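Order as written gives the chain letters A, B, C, D, E, F and G; numbering starts at 1 within each chain.
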Amino acid sequence: MALKIQPLSDRVLIEPMAAEQKTASGLYIPDTAKEKPQQGKVVAVGNGKKDYDMTVKVGDTVLYGKYSGTELKLDGSEYLMMREDDILAIV
Amino acid sequence: MALKIQPLSDRVLIEPMAAEQKTASGLYIPDTAKEKPQQGKVVAVGNGKKDYDMTVKVGDTVLYGKYSGTELKLDGSEYLMMREDDILAIV
Amino acid sequence: MALKIQPLSDRVLIEPMAAEQKTASGLYIPDTAKEKPQQGKVVAVGNGKKDYDMTVKVGDTVLYGKYSGTELKLDGSEYLMMREDDILAIV
Amino acid sequence: MALKIQPLSDRVLIEPMAAEQKTASGLYIPDTAKEKPQQGKVVAVGNGKKDYDMTVKVGDTVLYGKYSGTELKLDGSEYLMMREDDILAIV
Amino acid sequence: MALKIQPLSDRVLIEPMAAEQKTASGLYIPDTAKEKPQQGKVVAVGNGKKDYDMTVKVGDTVLYGKYSGTELKLDGSEYLMMREDDILAIV
Amino acid sequence: MALKIQPLSDRVLIEPMAAEQKTASGLYIPDTAKEKPQQGKVVAVGNGKKDYDMTVKVGDTVLYGKYSGTELKLDGSEYLMMREDDILAIV
Amino acid sequence: MALKIQPLSDRVLIEPMAAEQKTASGLYIPDTAKEKPQQGKVVAVGNGKKDYDMTVKVGDTVLYGKYSGTELKLDGSEYLMMREDDILAIV
């Protein structure tokens, strides 16, 4: 399903992965974050700002801090909207 | 009815949608926000700032944070005035 | 009566309207602001700053936040002095 | 008496007027400020900053916020030293 | 093992060294930090920001503050993700 | 005695004057500052910063806020090290 | 012994002097700082930042605030790592 949503400015919409998932790099989320996944897939990316170009692309798997972003529910699934600067890394 | 109101600077006037509404993308607002809609329609847009051009246009449906903006009542309807940077996405 | 007062920098002097007043756009102030008007007429405008040009003009009717500005009494009337960025919109 | 004092940067030295004084524009200070005048005469002006030119001149009557500035006593009189940005208007 | 992880912006991924380790310069971590190493090896480096070029390189041994960074577990090992500005020195 | 000390950046080293001293302009320090002089003589001046040139010179008598600066003792005398922006005026 | 350590950015590594030491200028540290020296010798200097060039050099004797910097132990000696802006003066 394609989401018709355009994040504003330097924001990124992320679909969190379940805590037991594992990326290609074998990266696991920390034990202390069991109840809340810290890894997700980018599903929509903003256009950046006048002096800030976006780095992540739709489809990237990213790591982010435990309390980052605003939760949004869409057709029963949870998403996270956060600023790109809250994303730690692409894995 | 056309509103004769010109938001200043990077502000946007929004007509909030009822919590049970659904956009074309099927996006719902989070359960925890039942009592206060987080989706609305843009009814007026400021002219931006010297180093900031506006992105949203009148008629856009937008998502915004639960506590964003200042409430204004007009002819019995509630509106929200907020800075564009408080808008999360166009849906 | 013409006021001989020159606001400094990006400041604006506003004569608040009574809470029961209504603008051409039919805009009312919110119920929660009954005791303090949030709509007023611009009576004096500063010259702006090096990188900020003023938008409002003398005679404009403006909306502003409930706790914005500094109160000044002049010949028995109350005025509000605030920075233009505290003004929400021209109505 | 001419004061031999050069305020630094964007500072202004002000001689506060008594609360019962009235300017040419008929402006009175607010009732809530009876015990501390909010109107004064500029007696010395700094040279500004690299990107800030001064607006007020010696001899100007100015309005300022109730808690603005640092008090200085000179030959028995009280003066206020404040940054120009704390001055609300020239009256 | 090569980690497939790309830190974002000015971030650096660090593999902390055990507290009893010693660098070529003979530098020890402070006594008060026994339970948490403050020395580590850089394993991945971000691309910097528009006005900030990265200094550290993969393989560098670095010193950092005791509470710097976000912990990430990968295949059983602990890593730290921090901004380069939180790194004190290369040793 | 010539002090061999070079203040860094926009800092100024000041030798505080006794509270009962009086400058050429006849300026006295406020009553509330009896126990701590607020007037002093500049004994050393930093080289400024990339976008900030120093205004005060060695030998200037300056006024400063009561809690400004860091105290330094030298051969039994007290000095104050402060940033030039904490100096109110040259008298 | 030469320390193989490269401070990052605008940081400086300092070897604190004992409280009873005295510089060429005869400068003593304040009484209130007996238990912690505020004078030291620069042993390593960072490369500065894009818009900030370093002023202090290895070998300089510097003054600094009592709570400035991060302590690092090296071969039994205590060092302080601080940003150059925390250094008050070269003596």
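In this section, a contact is a pair of C-beta atoms (placed from the backbone, for glycine too) under 8 Å apart; a residue touches a chain by one contact, two chains touch by 3 or more.
Predicted model only: the values in this text are computed from it and were never measured.
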Which number of steps is the smallest that gets you from chain C over to chain F via touching chains? 2
Rounded Å distance between chain B and chain E, as computed from the means of their C-alpha atoms: 43
Whole-Å distance, C-alpha centre of chain E to that of chain G, is 24
I'd like the Å distance between the centres of chain B and chain F, where a centre is the mean of that chain's Cα atoms. 53
Sequence positions of chain F contacting 2 or more other chains: none
Mind sorting the chains in ring order for me, with chain B at the start and chain C directly after? B, C, D, F, G, E, A
Across the complex, what residues on chain E touch chain G? 23-31, 51-53, 55-56, 63, 65, 84-85, 87-91
List the residues on chain B that touch chain C in their complex, please. 3-9, 11, 13, 44, 46-47, 50, 70-75, 81
